[in-house]
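In the two complexes below, chain A is the common chain; its partner is chain B in one and chain C in the other.
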Partner chain A sequence: MKRPVLIALLLVSPALHAETPRQLLDTFSAEAARAQPGFAPSAQRGAALYRSAFKHSRAMPACTACHTDNPAAPGRHAVTGKAIGALAPHANAERFTDPAKVAKWFHRNCTEVVGRECSAAEKADFIQFMLERS
Partner chain B sequence: MKHAKPLQTLACLTMAGAMINARADRLPLPGDTPPSYRAECGGCHLAFPPALLAAADWRRVMDRLGRHYGTDASLDDPTRQTLRTFLERHGNPRLRAPADKSGLPKLTATAWFRHEHGEVPARLWHDARVKSPANCIACHRNAEAGNYSEQDLALPELRGKGD
Partner chain C sequence: MDRIRVWDLPTRLGHWLLAATFLVAWVTGDSETWRLVHVLAGGAFTGIVAFRVLWGIVGTRHARFTHFVRGPGAALAYLRGLLTGRAPHFTGHNPAGAYAVLALLSLGLLAGASGWLAYQELGGEWLEELHEGVVNAVLAVVLLHLAGVALGSLAHGENLARAMVTGWKRGTPGEAISGSRWPAALLLLPWVALAAWWMAR
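Showing the complex of A and B:
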């Protein structure tokens, strides 16, 4: 393989899958702004989503049931007991970098805990909260 | 299982054991494990060794991921097919797992599993540090690397329980 091709591949391929948490936040914010002009993500609303007891599921009442009250701390699955790495990107650099993984777990965990899909606005708020250092 | 047929039971378990591995303290994931197996089946619990269920039981698990032991583990269809084929290929025909109330197989309830765990005190299965028999890593701290040896037991009160 010629060197320029190799370099181009190295530059391009990670960008196909990996993003930064900030880029993901911008994508969700832009989507939210289409439905809600002037939308700006709020860490405070994100924290409320994170800590609300939705009472939809008895075993998994809130995000904190598995991710603990502190998103920078390691969590534990409420049913299986398995360790879960911290959610906050400053504590766990892998978080919010893979759009497909983020979409899958928002879908699973929102339907499980909240009882419905989370909106783009809620996802943006949530990531804004995750980006804060307390 | 009744106590009336200890020999048959023993023969059965020995055969199941032999099918699993010559040395049961090593159950690594097979060399052809697709990367998606750990990613998709190892987030909520250990990516279980495929030799711990029969192919027919894996098929039942993989055909009902939307209602998975009280949760939703659904996958896109290509990934589901890849993992289903992989799990069926490595299934152990001698292990038949009793089903839970929703009809899904419990690998933690096979005769083999109960035999290997005969010395575990009953209260430990639901100890706060363990929570569930399916939480292999709570007791076998190197289960993700396929290591179940006695030296790798995590809880101090378990040491000395192996044979």
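Showing the complex of A and C:
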């Protein structure tokens, strides 16, 4: 590929990187299966992770501290009070479509709320739970 | 040469508050736990930058842009002089430092604007990327500034960091400023608090 074309592609790469939540789920599942053969994502384990009170952070003891008990409902930042759009893709079509954004927020929220990085298996379970319509 | 009063109090207080708020905003930038502290520090930082721009117009002589900003040739000549050990001494900002001031102020305004837009979610994720990029540029200029202060201090045998604390520097009596302008410094504090509150609201 010619260099100017490559640079142009790099510049618009955020748009090109758009994926579906299902594709992201498959990516994390595949990564989890490498460490854990036969891995299949579980919405139940994802729900348990989502509602688990890690209590690592005083202000944000669990995911639900900001995102409420229902991922399809709008949330509120526990520290700043700012509105947060719903997490579940069926309630908010932007969710889990940008791999860079997903990576950034899994990193930020896992380290601050869970107290460590999340595994690929946990991320797959989490997205599987988000895809469920309750 | 005599020791004379060069930096007024608003310039000195603003300088150190700017450094402190930048440090706080820098270390809290990636954290949701510290998000409010980050936004307050960033608001204070932006308020100080805006104040400094105004003070660069109405402040005392060594704080005024028209007094210390010279052409790029002067800055290059000064830097060459630093390397060869023949840099001329300037009572106020040297011509190279002047560009660090201009870069920090313009990047600082950009950092504040992009941070505000990102916090209000008035743009996409790209706005946060822009904010991070601008802030990294600010840090780069800060590091250059620190290197310049160290080099300049050695070259002129004058502790420039201490001068920014005390306000006193080497110079001729005719170049001295008449007072420390403490009322303006007193105004700076509520202004900074207002800017911090405004950014976080």
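Methods note: the second predicted complex is superposed on the first by the 119 of 134 C-alpha atoms of A that agree within 3 Å, B and C clash if a C-alpha of one lies under 4 Å from a C-alpha of the other, contacts with A are read in each partner's own complex, and residues count from 1 in each chain.
Keep in mind that, in the parts below, contacts are C-beta pairs under 8 Å (C-beta built on N, C-alpha and C of every residue); 3 or more make two chains touch, one makes a residue touch a chain.
In this text the structure is predicted, and so the values were computed from the model without any measurement.
Q: Using the overlay on chain A, decide if chain B and chain C clash or can fit next to each other.
A: Partners clash after overlay.
Q: If we overlay the two complexes on their shared chain A, which of chain B and chain C does A:93 touch? Say first, second, both or neither.
A: neither
Q: Where along chain C is the clash with chain B: 63-71, 117-125 or 153-161?
A: 117-125
Q: If I apply the document's touch criterion, which positions on chain A are contacted by chain B in one structure and by chain C in the other?
A: Looking at chain A, the two contact sets intersect at 59, 77, 79-80, 82, 108, 112.
Q: Quick check: in the complex, which residue numbers of chain A touch chain B?
A: Chain A reaches chain B through residues 59, 77, 79-84, 108, 111-112.
Q: For the complex, which residues does chain B have touching chain A?
A: Interface residues on chain B, with respect to chain A: 43-46, 70-73, 129-132, 134-135, 137-138.
Q: List the residues on chain A that touch chain C in their complex, please.
A: Residue positions touching the partner: 14, 57, 59-60, 77, 79-80, 82, 98, 100-101, 108-109, 112.
Q: Please output the residues of chain C touching chain A within their complex, sorted ascending.
A: For this pair, the touching residues of chain C are 30-36, 39, 119, 125-126, 200.
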